[in-house]
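Letters are used for the chains, namely A, B, C and D, taken in the order the chains are written, and counting of residues starts over at 1 for each.
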Amino acid sequence: MSKEFKFEIKVYYEDTDAGGIVYYSNYLNFLERARTEMIEMVGLSNKQLLEENKTLIIVKSCNIEYISSAKLEDKITIYSSIESFSKASFVIVQNIKKDNALIVKAKLKLVTVNQEGRPIKIPSVLEKKLSIN
Amino acid sequence: MSKEFKFEIKVYYEDTDAGGIVYYSNYLNFLERARTEMIEMVGLSNKQLLEENKTLIIVKSCNIEYISSAKLEDKITIYSSIESFSKASFVIVQNIKKDNALIVKAKLKLVTVNQEGRPIKIPSVLEKKLSIN
Amino acid sequence: MSKEFKFEIKVYYEDTDAGGIVYYSNYLNFLERARTEMIEMVGLSNKQLLEENKTLIIVKSCNIEYISSAKLEDKITIYSSIESFSKASFVIVQNIKKDNALIVKAKLKLVTVNQEGRPIKIPSVLEKKLSIN
Amino acid sequence: MSKEFKFEIKVYYEDTDAGGIVYYSNYLNFLERARTEMIEMVGLSNKQLLEENKTLIIVKSCNIEYISSAKLEDKITIYSSIESFSKASFVIVQNIKKDNALIVKAKLKLVTVNQEGRPIKIPSVLEKKLSIN
């Protein structure tokens, strides 16, 4: 397991739907923001990975479970940790909490690819910085 | 297995991201449009289910696998079929194809709830119409 | 004035917000879909304009007035007509109606640019096809 | 003129399109986030206005000019100030800057309505708190 990264988001009108709660696909936007911030927290960025390492991180699969829902102007926190690294992919667990109650659980497989979309080895700087120690 | 329902979508600028392909959460929007159309194809609607049956359909979980990607102005087709019905939930398989090649595979668990968000029995009209004979 | 182009859209959950109506920025998505379809109706496409004419159409300004609102599963129609052409830009009027009542009025200035974002002359094929005779 | 309210946003993948820049409607999302934060900065909230004052703020019109564009991972700042108050509406100017250069200029007319959508007087607490002195 890697470090745990924490990122807070406020729910705006754009995130909600006519049911009065956050629309189900918008949680995936939140998860992606949290992954971007995780990469920035360790001193890297998607832009830098692309320019210096010719590497893009893409989502290969996403398993998401909706336990409860977030509403307008709720403050929610996303907890992200890398579960495992493979050669050209890694698995991340991302949990969303509201007032310390778990509302969304997600596990995603991410793949590192080059600009033609071919899988390439995870840049060692990325793996090293996201790992513990 | 239920009937298979087919729905075609064109990819617009709003659906894409700076990677030049459809943003990963937007496929969930496409899946939801296809489910709405599926319900309309059998002569029902979300509005009617809400008004006449006090029933909302919400997503409990979504497992989505990204095999390949769709680009600007691609025409993609979503194939939806109900895999199984339980008392207050059903499982739907939704596959997205581009030029007959599978690009996204998804399986979702949907739950029928009342306006307070409590699980309630699937309206029999809905189960009957979505099932094969 | 050019021909009038007509495009129908259904309102899905993703388009609405917690107020129960279409979120105000999503009408701009609808307008862009209608402009893409307008270009397809005259036998062109954004992709083709980019590949054959090295031309992108970008929005320079948008004046939009919200008169009434659309709700979940409403069917709305967008009427688009080019008001005037300049050397490297054109003005389009786009009105959205629901059951024949005007709900949104918009006027946009669009600019044709090259891949570096510099204004370039409107491709004559585009101007010709969008104009009346 | 009111005080000037400042709000910073980072551009994520979800905000961009295949042109590599922020999609034109997404700036309206940013503007709405900035308005929500403006209301929070003066100690109020949309939720509170709804519950205590039975008041919703809706957009009546939006004039937006796109001068330059924001890209992935850009940090942009939105400057908001109320230009004038009427009985049941107010005009807000919202400018977006990137590295101190103006990239988007917008002027919106907002209307205060009750839950049935009828215009009602601006709650005095809101007008007072957003005004200078």
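Everything that follows uses one rule, which is that contacts are C-beta pairs under 8 Å (C-beta built on N, C-alpha and C of every residue); 3 or more make two chains touch, one makes a residue touch a chain.
Given the structure is predicted, the values throughout are model-derived calculations rather than measurements.
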| item | value |
| --- | --- |
| Pair joined by more contacting C-beta pairs (C-D or A-C) | C-D |
| Chain A and chain C, separation of their C-alpha mean positions in angstrom | 34 |
| For chain A paired with chain D, centre-to-centre distance based on mean C-alpha positions, whole Å | 28 |
| Between chain D and chain C, distance of the C-alpha-averaged centres to the nearest whole Å | 24 |
| Shared-contact residues (touching 2 or more other chains) in chain B | 13-14, 19, 25, 29, 32, 72 |
| Overall pattern in which the protein chains touch one another (line/ring/star/complete/other) | complete |
| Sites on chain B touched by chain A in the complex | 19, 24-26, 28-29, 32, 56, 58-66, 69, 117 |
| Chain B-facing residues of chain D, complex | 13-14, 16-21, 23, 25, 71-72 |
| Chain C partner contacts - residues on chain B that touch it in the complex | 10, 12-14, 29, 32-33, 36, 45-47, 72-73 |
